[in-house]
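One chain, chain A, appears in both complexes that follow, with chain B as partner in the first and chain C in the second.
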Partner chain A sequence: MRIGIPRALLYHWYGKAWESFLLACGFTPVVSPPTGRRQVELGVRAAQDEICLPVKVFMGHVRYLAEVEKVDAVFVPHQIQVEKNRFICPKFMGLPDMVRAVLPRGMPMLLWLNDRQRHLWSVQAVDGQIRRKLPKEKIRRALSLARQVASERWTELAQAAGSQNQGLQIGVIAHPYCLYDGHLSMDLLGRLRAADVQVLTPEMTPDRWLQAKIPGLNKPLFWTLGRRIMAAALYYAEQGVDGVIHLAAFGCGPESVVGELVARRLQEHGIPLLGLNLDEHTGEAGFATRLEAFLDLVTRRKSCCG
Partner chain B sequence: MRVTFPQMAEVQILLETILHELGVETVSPPPINGETVELGVKYAPEFICYPFKMNLGNYLQALQRGADTVLMAGGCGPCRFGNYAEVQQEILRGLGYDVKFIILEPPRAGAPPFWRELLAFLGWRRMLKLPQALGFAWKKLNVLEEINRKVRWLQPREAQVGNALALYRRYRRLAAEASLVKDLALVRESFRQELAAVPRREGYRPLRILLAGEIYMVLEPNVNFHVEETLGRMDVEVHRAISISNWVKENLLRGLNRRAVQRQALRAEKYLRCFVGGHGRETVAEAVHAGVNGYDGMVQIMPFTCMPELVAQSILPEVGRDYRLPVMTLILDEHSGEAGVCTRLEAFVDLIRRGREKSA
Partner chain C sequence: MNKQIWLGVDVGSVSTNLVVLDGAGQLMQKIYIRTNGDPIGSVQRALDELRHREIETVSGLGITGSGRQLIAAAVGADLVKNEITAHAVAAAHFYPDVQTIMEIGGQDSKLILMRQGVAVDFAMNTVCAAGTGSFLDQQAGRLKLPVERLGELALQATNPVRIAGRCSVFAESDMIHKQQMGHSLPDIVAGLCLALVRNFLNNLGKGKELLPPFVFQGGVAANIGIRRAFEEVLGAEVIVPEHYGVMGAVGAALLAREEMQRNSRPTAFRGFGLANREIHCESLECTYCPNHCEVVFLQLDGQTIAGWGDRCGRWQGAKKDLRVG
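On to the complex of A and B.
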């Protein structure tokens, strides 16, 4: 049975693990190719106009898998909570039901449900259709393999990227599905590396920063990704980065709140911040120009003020 | 201490009632107007949802009028509303206002829960008077909502246009001003009598449209371009399940209303399997309710970039297809214009009316 995995949203964290899980269960995982114009177009046509770009792109990948790859079922991660008492975003909670609206009638979905009771790599997270068919022991083994792959992926993400020289150090804050999707982020990481910049990403933030209280707020943020971004920004400030780039998708809800909180804290630290908003109309030239101007500015600032 | 709070339909009347009963001085922001929008949009983050911007505008106008404390609710997600107060506080402090925020947080949020905050704000003497004040405010709310509900029923049926709205304005003010339970009962009684005396078109069956969506946008007439009145003028009977009292029942008194909450979830279950924050699931449940009960149409209202309602919006076409229920979504923000909204509503109503005439 060929199961399509859309290369979007949290695929960029957990995707490799899902692949090896399905493989170990005896299915044939089919991952959609990296996002391109094709998927964006399909997604924009299928999804509601006002929804955020990453969700549109997800729908595009789903349609691609259904129409081009002609898979037998689509794997849809339904991740309400991947850590205790934090949500990802309401759109993740409604994802399977939104996907149903764009899938051809009768195409089955395989869910991967994480919520308060069903932890990330627990047997309960696996769709009932798989659990009923396979022996529990086999699923357990596949899950432990998946967990291992996931932790490898995590180490890979947490390793410092780019040159280690004494050049510029720039922190990037963004959701993983914006940052690691080369098409959406206009290859921001590649561009920074090409400019010989040392890049910090939210995934490189040490765990203790994620647990720390955020100064000025009297309760922790209730979004997993927003909290990571907040913690990352504070960590970058502590590290004394030369500048921070905030990559956000147009219409992203949590980002509008977290972005404001981050901007205020970075301003207190006197760190330059470039806010880049992505949508399906973003042009590459405008993006590159803004990035270049920002890097020039930060470089000059560093050489002038030491 | 001069306390202010955001504007939202009957909330202002309620909070004024409660705080005056307790002897706390209040400074109400003026009704939402052009200046509120301008101030809110200027200082709020660009992509935040519209209610946040309006709240911020309300505070700024109230602060100019001498308020020094803001009373606001918190939350624990996943909707952005849970973070409103904290971000608004930072923005106001950044603007140089020395303002104290009293944020009423649910116990799960990870901050001091609302009773501790209330105690620090009111002190024991006033705290003891609180249940009585809340009881009175609750009665007042019920009268206010009854007035609204019955006027919405009357408006499309009245023989002479304008009677219903005049009645509504007058009795809403009377109810708001009532300071004794006795007065409130009198207001209710005389409202009922006057309502019954308004001449009606006999035998007229108006279109029934259900209003649902994000609670702030649905309830606050000054941001939704008085959608209830506008639809009423088009001879449409407007229903809505969303109201302040229902919100209180479903959220604050959840334990007493388990059944109702479960029923909502069950109604939506075929289309939306889990809670999505805000009123997303309720909107889908309302659509199913409208479909099953043969409403002529449904209007969903939400602010731009509202996350839970966007999920609902993606699903509503499916519900509409299954029940042959026309659904229209109005997404509003500071760029919406009254003429545009009215035209769209008119077109929607015409469409439904034509459909009904055809099938009749």
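On to the complex of A and C.
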């Protein structure tokens, strides 16, 4: 049975784990190709207008798997919580329902459920046919394998990428599905690497920064991704980065709050910040101009003020 | 030692500007022509004009503006820079203590914050072109006025009307409405200037600390009405540089000088003879992958010398250094 995995949203964190899970269960995982114009067009046409671009792109991948790859079922990550007391955004909670509206009638879904109320890692087959192929013991073994793969992937993400030269050091804050999707991010990481910049990503933020209380906030941030971005920004500031780039999807609710908090903190530290917003109308020329101008700004500032 | 000559070109959506600086960074010549949708032709015309002004050997050439990639490949540039850096460098060259730069061009507007001579923050208008030169052009056309006259007309206003500057479509219908209500033309034009300035400061200046001295440059700085509106809203004097319309080109020339002084090498400029050579572009939709990038090839006298527009770099060959970005 061929089960399609959309290469979108938290695939960029957990994708390898999902693949190995499906393999261990005896399915053939089919991962959609990296985002391109095709998936964006399919997604924008299928999804509601108000939703953020990453979710639209996810829908594009789902349609690609169903219509082009003609898979037998689609794997849908229903991720409400991936850690204690913190949440992924509401759009992830409603993902299966949105996918159902997009899928061809009758195509089954295999839900990967991350929810503290049940288990942080569990699987739910909406369709009886898939469920029959998945005895509990098999799932248990496949899950433990997936967990191991996930932790390896995490180590990989947390390791410093990019050059270790003495040049510019730039911290990037972004959700993984914006940052690691080369099409959505307009290859931001590649452009920075080409400019010989040492890049810090949110995944490189040490755990103690994620656990620490955020000074000046009287409540903890309960969004997993937003919290990581906030912690990363504070960590970058302490590391004395030359600048920070915030890549955000237009219309992202949590980001509109966290982005402002981050901007204020970085201003207190005197660290230049470039905000880049992504939507389906984002032009590459404007993106490149801003990025280039920002790198100039940071370089000139460094060479004149030390 | 030979006298140094630095060329700067700013290929914008509305105008193409070319400047000649001497070794000390003083402006010797400037040419300002309308791009009219033909960046290559307009640069050729500018070069042709310079040829007749007996310029000596060129030490280096820098290019900026939205057409920088195309023109850099065509004329051979020593440096290709974005407009933001170019404007910041030019303003700081003439006004070393400038802290806020407002630049309004044909299709985009920028706000650059400077401290101690270096840029510390900037903002550029995103998808909306309300308040830029093209919009003023369009409104002047509708009012059957030369765009150059809008500014002096605004100064005659006694009671500027309120106009919604948030969007050019709304601004236009507001202006028509005010005309139908019987408001005088100067009051409407002055209202338009104020609306555009508020829109600029709200959109780009949000949350930023705008400190004097203020420098206002770009083609729209010719409009005295907009300058007055800035002064009124900011409550401070706004300086318009003598060469406000070509500051981007000046910045490109200064940056080329900086670059060439750092890495001494012969200039890549193909010479003024380019004005008479055949420069031509061809495009295709690449079908290697589903992205279907629109790829452009540049030909000089029938020979392909550069290609771009592809995300993967397949068509760029040896000309990678000319990529925007």
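By our rule, the second predicted complex is superposed on the first by the 290 of 306 C-alpha atoms of A that agree within 3 Å, B and C clash if a C-alpha of one lies under 4 Å from a C-alpha of the other, contacts with A are read in each partner's own complex, and residues count from 1 in each chain.
In this text, a contact is a pair of C-beta atoms (placed from the backbone, for glycine too) under 8 Å apart; a residue touches a chain by one contact, two chains touch by 3 or more.
The shown structure was predicted, so the numbers you read here are calculated from the model rather than taken from an experiment.
Contacts of A:T289 after superposition: chain C is touched, whereas chain B is not reached.
A simple residue count on chain A separates chain B from chain C, and the partner touching more is B. By the touch criterion defined above, A:G167 reaches neither chain B nor chain C.
Of all residues in chain B, those touching chain A in their complex are 45-49, 74, 76-80, 82-83, 86-87, 90-91, 94, 103, 105, 108-112, 271-278, 280, 304-308, 310-315, 317-318, 331. Put simply, chain A touches chain C in their complex at residues 33, 36-38, 183, 187, 191, 194, 263, 272-273, 277, 281, 283, 285-286, 288-294, 296-297, 300-301, 304-305.
Touching chain B in their complex are the following residues of chain A: 47-48, 50-51, 80, 85-91, 93-94, 96-98, 100-101, 115, 216-223, 250-257, 259-261, 264. Within the complex formed with chain A, the chain C residues making contact are 66, 81-85, 88, 116-122, 124, 126-127, 207, 289-292, 311, 324-325.
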